[in-house]
Amino acid sequence: MIKAGIVGGTGYTGVELLRILSLHPDVTVSVVTSRADAGTRVDAVYPNLRGLCNAVFSLPELDNLASCDVVFFATPNGTAMLMAAQLLEKGVKVIDLSADFRLQDAQEWQRWYGMEHACAELIKEAVYGLPEVNREAIKSARLVACPGCYPTAVQLGFLPLIENNLIDAGHLIADVKSGVSGAGRKAELATLMSETGESFKAYAVGGHRHLPEIRQGLAQVAGKSVGLTFVPHLTPMIRGIHATLYGQLLGDTSLEDIQALYQSRYADEVFVDVLAQGTHPDTRHVRGSNNCQMAIHQPQGGRTIVVLSVIDNLVKGASGQAVQVMNLMFALPENTGLRIVALYP
Amino acid sequence: MIKAGIVGGTGYTGVELLRILSLHPDVTVSVVTSRADAGTRVDAVYPNLRGLCNAVFSLPELDNLASCDVVFFATPNGTAMLMAAQLLEKGVKVIDLSADFRLQDAQEWQRWYGMEHACAELIKEAVYGLPEVNREAIKSARLVACPGCYPTAVQLGFLPLIENNLIDAGHLIADVKSGVSGAGRKAELATLMSETGESFKAYAVGGHRHLPEIRQGLAQVAGKSVGLTFVPHLTPMIRGIHATLYGQLLGDTSLEDIQALYQSRYADEVFVDVLAQGTHPDTRHVRGSNNCQMAIHQPQGGRTIVVLSVIDNLVKGASGQAVQVMNLMFALPENTGLRIVALYP
Amino acid sequence: MIKAGIVGGTGYTGVELLRILSLHPDVTVSVVTSRADAGTRVDAVYPNLRGLCNAVFSLPELDNLASCDVVFFATPNGTAMLMAAQLLEKGVKVIDLSADFRLQDAQEWQRWYGMEHACAELIKEAVYGLPEVNREAIKSARLVACPGCYPTAVQLGFLPLIENNLIDAGHLIADVKSGVSGAGRKAELATLMSETGESFKAYAVGGHRHLPEIRQGLAQVAGKSVGLTFVPHLTPMIRGIHATLYGQLLGDTSLEDIQALYQSRYADEVFVDVLAQGTHPDTRHVRGSNNCQMAIHQPQGGRTIVVLSVIDNLVKGASGQAVQVMNLMFALPENTGLRIVALYP
Amino acid sequence: MIKAGIVGGTGYTGVELLRILSLHPDVTVSVVTSRADAGTRVDAVYPNLRGLCNAVFSLPELDNLASCDVVFFATPNGTAMLMAAQLLEKGVKVIDLSADFRLQDAQEWQRWYGMEHACAELIKEAVYGLPEVNREAIKSARLVACPGCYPTAVQLGFLPLIENNLIDAGHLIADVKSGVSGAGRKAELATLMSETGESFKAYAVGGHRHLPEIRQGLAQVAGKSVGLTFVPHLTPMIRGIHATLYGQLLGDTSLEDIQALYQSRYADEVFVDVLAQGTHPDTRHVRGSNNCQMAIHQPQGGRTIVVLSVIDNLVKGASGQAVQVMNLMFALPENTGLRIVALYP
């Protein structure tokens, strides 16, 4: 059994890790930390785990965590970078769900995240945890930086077009809609039900932290820098991301060929599902599951290709992907513990 | 492997059976019928099942169904009673999620359901599928009538008080709130999002079909007829039932003793979970799971006992309970395929 | 023109007062205070008021407020009692939407609200602002304590039965469901969309602050103390209260007579609307309006009478009722500025 | 008093007309038709109108309607074109909220709407009812075709850029999100709460009927044909449209100049409100009101201009705009009966 630790177990990505790992056949969650709830049983805070989790929240101390085989950071940005080096030294693998090790350029990280990077020396070693791009590197990594929720939906949607240089990488548009759980479990006016229910809005149009991350990922596969307009929106639901992606075709590839390309690109990917041409994915069909479902359109046969890509922000966009990464790091079948059917209706 | 058939696979209880059974280690779903969608792949209608279900909807024909070990009826009322006898004859076990065999009195059934009962001779044999009451009978049953969603939440909540004659069984009140999926998957004005979202109302206060079912179940454990006022409400969410139950204490039993009684009554029940005194169950903590969570209160130390009981109407209130019943009928551990953590948030 | 001031203009009852008063033909809102937002334009915080409100939030200072004819307190409990006396001295009428002057017994107030009452000498003078009970007293009042949202829905629903001694006042049950805006506009984990959406729960079953207020109001019309079990619930919508009220008939009054009694009791009440027998009110039909709609049932012709009563918690349950009270205090037609059609769908 | 008739009073645009007109000081609604509900009181179907509307649904007969000064068609497509000519002959003004007279090209109309146009001779006379573009023509029109909901939000958002030839009109993108009330009040599986709640999806990406309408409107102000990719989405709320519009700058106009241009273009428009640079409109701030609020962004100072434009689909996107049009046709102040504050929260 793999002994796993979770740092920051009281946020939504933390409890989602617990939902998945408590039924994972090869994992025992031996440490769950929370400064605020130390000493409290986990299932007192999360009654959905009653009967499946006997853990008690503890303080995030190195000694405890060092006894684990793998530690997940489900923390706000700025925490993993303070503890990762010590854990790696002790031989513990680290999977960071926060943004600390996502950007390869520490300067750019500091600009977007508003603090100095405390562990820039590990940035190079950190592997960006998108299995559909970096599977081999993940298998042998000690430290993985899991992608953000928006970046997962957007990159998976654009990848085949960019990899094959089929669209103008200088003029990409990602119009993306997220459920409110993406904002995390913290007391804030802006995410009250009375403030977000029955309402829809864009936010951070001037620049969102996931922009440089998406640009970096797409640039790597494009082999050159890309131009991206990224507009995130808040939609009145709890879980789910819907990315609507726009690109301008460069040549004369037919929609049928593009459809075939997507199907072939993702044929061996257990969590990426290319729907039939002409269909529309729906976030509820991936709710609670680790799947990304997508469909490709070419409205009116024009030069604009529209890709629709949906995930559950807390699963494929966070904790599910982290477990997928862990499975790779420990040479388990990639979908171990992740055979979950989306909850519909 | 148990070969299972599902009649009426396009409703919400049908797709919920598929969600659960597609991961059940001892079951293969070999037949899924739907008059409307015959010939269509199941996962074309329900993309959440892609990769987990290769079935194609077929017409509900006896020959096909007779090859199954067990057939679930996830149909509107009035269908199971037309086919059950023939299936039983062929040696197929039948689990009916509809109301056809729930009431022991055919006359009363006809009054509430507005049609003649086509198979009254089987009513006596049918076992009412509430495992917490009828476990042994279910194990040896050929035909099980699964309880309705409201009756499950209300009976589980009242049982220990009634069984022990602690409250006045002549003056029970059940104020119950349901998510809209309880109304089923059919095109109706009344359950449009625009008609049910952001709104709350009672309905059928004059008399709901689940009233005689609850009365029958409580009368059996009380050993006498009971008086029940049952007021169902529609709440603007998809899944979940919250029963708020009121009873008048007969003697001087303390709340501590009642709490202990509930804990002891349900100590061996894997799907009934008595929360700590003073707490309040929340439907989201059972969403997608087969659990019933409950808490007992005695406001201001008065004679009124308040029991709060929550379930997911589609799981413990329908398809999950049906699988629990099937496990019992086939001598499997009762929670096989039902180790599901509620989806929170 | 009446010059009105609003203390605590950034909460939901504050902005709701602004919504109503900005179109009231006889009122100018001259002062809106907010400690947190002093100096900011009101419509910068509430863009729905753009074009209709030029006010700037100011600090809550006596001098400014003393220039008003009437001051509304849309503040948390404990604020109005610090300023009311001084304003009354200056000849300003005071309408308090908080709980400071609702309970006639200062000791009981302190027990339920957890602080000492700073202005017990005014409690006697304060008129409880339920126009359907206290209309004449309100007309000549200097200080009005507006009822809470739950107490408004519950009292209006029970009144005709209690006034006429038709039900057992010792065994009343009020099972009440509220939208989340009742919890106010403050950063709290418990009212996040991710915590309240798609979920239903009871809370404060052990004792809610509105319990003594309802008991006091019903006792006054009953002429004796009453026994009430009050169970509040949180329902996943923003606005609306649905009270389901249960009482035991004392004599043999027929449902027809009770229906006639309700219609006659409220015949002259512009904001209380008794629906036809057998119907079910829906909170959306009063959303945004100052109406209370209700229906009376007698399930199975038994001794239990069920009253369904709905209001918008922010309008008839708070700010709309406060404006209704103001109209009475200034001898305006009671519905001035309150002719609002509920927003459906 | 203007005598108004409403044909098709049982849909959402019909009841919304009633909400607005029942408080309009210069209008009496004298006829409300509904084939399905003829003979029923309007307020029995719509209890939110109790006390404000004494009308009874009647059959849609010419004689009744001919007694009106103006008739609104709140009908499905294909009805207004059968009755408009006769009403105009009788001197009745006609305001059509359906799509019958929106497209100037009858052939194109037939292609998109799948039926033959029954009254092509009136298409030329019909004025497209977007006051911000066609105010003078509307004032003297006999027949007005009110814009669709999507076309209103998109055209108002793009207008200043197109009118001034600032963006490449050949490559416009409109990513638009609508609440489910836009689908109308009809029994359909796809708009059940269980099917649309807690979920987000695109639809009709291959081609939506509002596409030719938007193209026609933008082409008229551009003076040439335009290229538009239009992707509509369904968002889990009842009311509201959020258009996110993307255009490529042609020259070097600064964002400040564009902001100034928008403010000046709409300075005299009472229902179009340009928010401060850098802000994000929210659909709840226009819910129930006739306002369009918008904001302009230039992410990362690039060549892509992003306009965010929000309306209430049932008000500025339908019935409110129809009343605005009526006010113009009858020489009333444009905002008569439309001074409504959006319902927040």
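To keep things simple, chains are lettered A, B, C and D as they appear, and every chain counts its residues starting from 1.
In the analysis below, a contact is a pair of C-beta atoms (placed from the backbone, for glycine too) under 8 Å apart; a residue touches a chain by one contact, two chains touch by 3 or more.
Just so you know, these numbers come straight off a predicted model, no measurement behind them.
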Quiz item: Hey, which chain ends up farthest from chain C, C-alpha centres compared?
Solution: A
Quiz item: Using mean CA coordinates as chain centres, what's the chain B-chain C distance in Å?
Solution: 39
Exercise. With chain centres taken as the means of their Cα atoms, state the distance from chain B to chain D in Å.
Key: 45
Quiz prompt | Inter-chain centre distance, chain A versus chain B - centres from mean C-alpha coordinates, in Å | solution = 36
Quiz item: Do you know which chain A residues sit against two or more other chains?
Solution: 12, 181, 185, 194-195, 197-198, 236-239, 281-282, 284, 287, 345
Self-check item: Overall pattern in which the protein chains touch one another (line/ring/star/complete/other)
Solution: complete
Self-check item: chain D-facing residues of chain B, complex
Solution: 12, 180-181, 183, 185-189, 191-198, 236-238
Quiz item: Okay, in this complex, where on chain D does chain C touch?
Solution: 12, 15, 19, 22-23, 46-52, 181, 185, 197-198, 238-239, 270, 273, 275, 281-282, 284-289, 291, 293, 314, 339, 341-345
Quiz prompt | Residues of chain B defined as touching chain C within the complex | solution = 171, 173, 175, 177, 179, 194-195, 197-203, 205-207, 227, 229-231, 233, 235-240, 242, 244, 246, 248, 278, 280-284, 287, 297, 299-300, 302, 304, 306, 308, 310, 345
